[in-house]
Amino acid sequence: MGFVLSEKGFEKLIRHLSDTYRLYAPVLKPGEGRFTDTDVVRYDFVKDSAEIELSKKSDYSFKEILTPLSETLFYFTEQEMKEADADEQPVLVFLRNCDLHALRRLDQIYLQNGTSQDWFYNRIRRNLSFALIGCAESCEDGFCVSMGANKNVEGYLFSIDQEDGKFLFDVKDFSLLPVFADLGNEAEVTPRFVTENKVQVSIPETVPNSIYQNPIWDEYNTRCIGCGRCNFVCPTCTCYTMQDVFYTENGKVGERRRVAASCMVDGYTNVAGGGQYRKSSAERMRFKVLHKVYDFRRRFGYDMCVGCGRCDMACPEYISFPVCINKLNRAVKEGQIHE
Amino acid sequence: MSKLKNPYIPFSSRILSIIRHTQKEYTFRMEYKGEVIPGQFFEVSVPKYGEAPISVSGIGEGFVDLTIRKVGRVTDEVFEQYEGQSLFLRGPYGNGFDLSLYETGEVIVVAGGTGVSPVRGVISALAETTDAKDKHVIVGFKSPEDMLFREDLKEWSDKLDLILTVDGAPEGYDGKIGLVTRYIPEVPVRDVKNARAIVVGPPPMMRFSVKGLLEKGFEEKNIWVSQERKMCCGLGKCGHCRIGEKYVCLDGPVFNYVESKEMID
Amino acid sequence: MGKDINVKKLKKNAFRYSKVRNETASRVRIPGGVVSARSMGRIAEIAEKYGNGTIFVTNRQGVEIPGIDISNIDAVNRELQLIIDETKVNQDEREKGYPASGTRNIVACPGSRLCPFGCYDTTDLARKMDQAIFPNNLHFKVAFTGCSNDCAKVRMNDFGIIGMTEPQYNKDRCVGCEQCVKYCQKRSVGALKMVNGKIVRDTDLCIGCGVCVTYCPTRAWTRSRERYFRLVLLGRTGKVNPRLAQDFIKWADEQSVFKIVKNAYAYVEEYIDRNAVEGKEHVGYIVDRTGFDEFVNWIMKDVVLPEKAEVARRIYWEGKRYDRSNNLK
């Protein structure tokens, strides 16, 4: 059911929701960008409607709530191992169409890959609900339409769109209907989504093993600096590394945590004793790209990449992921002709 | 959910005994009751120092053997532990070897260095089969000093066809010298089309051994390998061990060569 | 009719005394080195109309229009007016050109307007400083640079202002990738190390260059809201004792820096050698005479530094002493 709220109404709505939920939303952090006087939009907990960044796509994704960049799992004392406490309060996450599609990918790995669910992921995940931020127009770098991740018809409590100073909501959660009815007027509302992006990609259906030797990857050896931003901002990257530490000189108290890992950063494939399976940036780029548009699909039946374009926004070396996908597609096609 | 156990919580396991093979390689016999098969691995940890994936090198009543090489922060700390103390374990993880595949017929096992650990249980089982004379084992170490499982080697050489070789040795060493691949052609196999092979060891050794076996006439589908990768979780979540669409911790570490030849890092 | 020119006035009006008789060059002031394309066009027009058609780009980011006939000074001054207006340079009287030349053009690197490493808007501060201290006939060189790279070579100036940021660390966003450690080592002073999977910053060693912030892939490192400056003093070139400016204050604030430079003028007014050739004596040589403590007493008058600021009690300048020995053997 659809509703229209004034700015005041939206303000009240957020205050009302804060009673039940911790609200996790994109927030513009002034001056926290890489460079002087540059900002960053990243997720944080909010209490006020004015804090929610509804216009700009976040630079870092909502996944940080589910797979924190650094997450303590256990505390160790001399004798004991104690599971780190979790906040059990329900959380409402504000995200966009591409991100809601990304959620399925995160669930796929953490809840459905292998026989066991990820305990720590699950204990956060089960408390999450979602509010969908509509996209009135395509962002600069996104290619969600190509990836089929531009639209959602379910999976959210309500959607939000801004239009001429009004706020439009498609409310899916029945329990919230009285709240909306109280704050605004009923209306016909469909969450906005884009049907066209400036960036488009073509994904090869199958990729032959010969692509591993294809020279398309070579340029990344000199271009990529292996910083891992593409992975850290990606809403579908899930890798992590375990880290054990002791706090004190005597080593009696410490913790086990996991931190986000990047397949582009040195050390990702290192095994004890010094072995490293992918040394070059070209190999790592190939590994990442094929995972996003091929290997994941081979295992789970659909592509991992949702085309949010954050990797392009984040790359300090102007390496474009969609451009690489299209290069891959061309190389595969040319290969087929030659064969 | 409440019934489920957190799979990340390790259990404490007492060190029953320690066999010191070399300065850097010990086998820890750990208290363990439960099902486990050769080729599987445990995440071994010393809290505050970290976890490391270690493959099972022996299985017995109430224990598992874990052969550990001292190569980093975690294993350095493991080596500080004594009999009677405890380590923390999670697992077993991975598929392990399907022993029924190797019980009858001709088999070659090619193992190098610490790669002997995951197949030690397989070789021991082969040694007890009725046609043990058709079981050929090539084991290679860097030097005589690096030899692991000396007791087993003696026993195996009595029961099955064992070729023990070292990459290099000081003057006066009277054993075989040379890479394992050198001895693959020498192994007497009657029915190479149906013979089976297992290859475990460092990546280059595995690559060349498989090549040698294929040249000898082995069918791809009759070769199995065990892959070693960085595995932080053992549960298919951390992503480090993924190769293509496969997760070594879930789908392996033992793979048939038909599968593994498509797996490129 | 004979030429009767007051050379001293000519120089103070920002025209050069040229070796070519009857010729001069107009010295156009461009604070911070940023000038509109339109003003640059006007400079070019003057060079075409009154000069020899060339423009000399100076070391201090100004330009000189050479080859001007001395008799055209008034005409050139009139034509300079639009440029002076647009660069917002203080003036005593309109259409009379620049009122002084002793205090040199304020230099600035591109700073945070363009440069990824710039810690503040150097152009903006250079302009503000120009407003604060120009016109003045005392010979002062002031320069601004965005970070410790010192691309503006502020250490060759009487007052060098180097941008600093105090890196803010959010350990919850740190994944221990150690890129900050690596780049601090390779591009800066190596003030970071990883302890227990998180980063520890040696606050003593850290120069506030912001390299860690630039290279952090997760925004675990961000810049401080406060802008800080390293103030370096009394660098100089010259015949007697060329030397690099030395650190006086670390983690200074903008207000203090401005106050200190202003105060220095009063100090020089008090102590300058009245018999100096052309009344020109560099501040550094005055300090050599009065002693550093007296200089500090003057420049620190009414200066309130932030708590974080560290002030050098003594400064030792090295550099070449040609007045003592010039022997290379």
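When the chains are written out, they are named A, B and C in that same order, and each has its own residue count from 1.
By definition in this document, a contact is a pair of C-beta atoms (placed from the backbone, for glycine too) under 8 Å apart; a residue touches a chain by one contact, two chains touch by 3 or more.
Predicted model, so just to flag it, every value in this text is computed and none were measured.
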Central chain of the complex, centres being mean CA coordinates: A
Most remote chain, CA-based centroid, reference being chain B: C
Chain A-chain B separation of Cα centroids, rounded to whole Å: 38
Centre-to-centre distance between chain C and chain A (centres being mean Cα positions), rounded to whole Å: 46
For chain B paired with chain C, centre-to-centre distance based on mean C-alpha positions, whole Å: 68
Contacts with two or more other chains, residues of chain A listed in rising order: 241, 243, 245-246, 261
Interface residues, chain A side, partner chain C - complex: 29, 31-37, 40, 42, 60, 68-70, 227-229, 232, 241, 243, 245-247, 257, 259-262, 265, 314
Complex interface listing, chain C residues touching chain A: 112, 116, 118-121, 146, 165, 171-177, 179, 196-197, 210, 213-220, 222-223, 225
Complex contacts: residues of chain A adjacent to chain B: 73-74, 76, 81, 83, 109-110, 113-114, 116-122, 126, 209, 212, 238-246, 251, 253-256, 258, 261, 263, 268-275, 277-278, 283, 287, 290-291, 295-296, 298-299
Residues of chain B that touch chain A when the two form their complex: 1, 4, 6-10, 45-52, 69, 71-72, 74-75, 88, 202-203, 228-230, 232-233, 235-240, 242, 244-247, 249-250, 262, 264-265
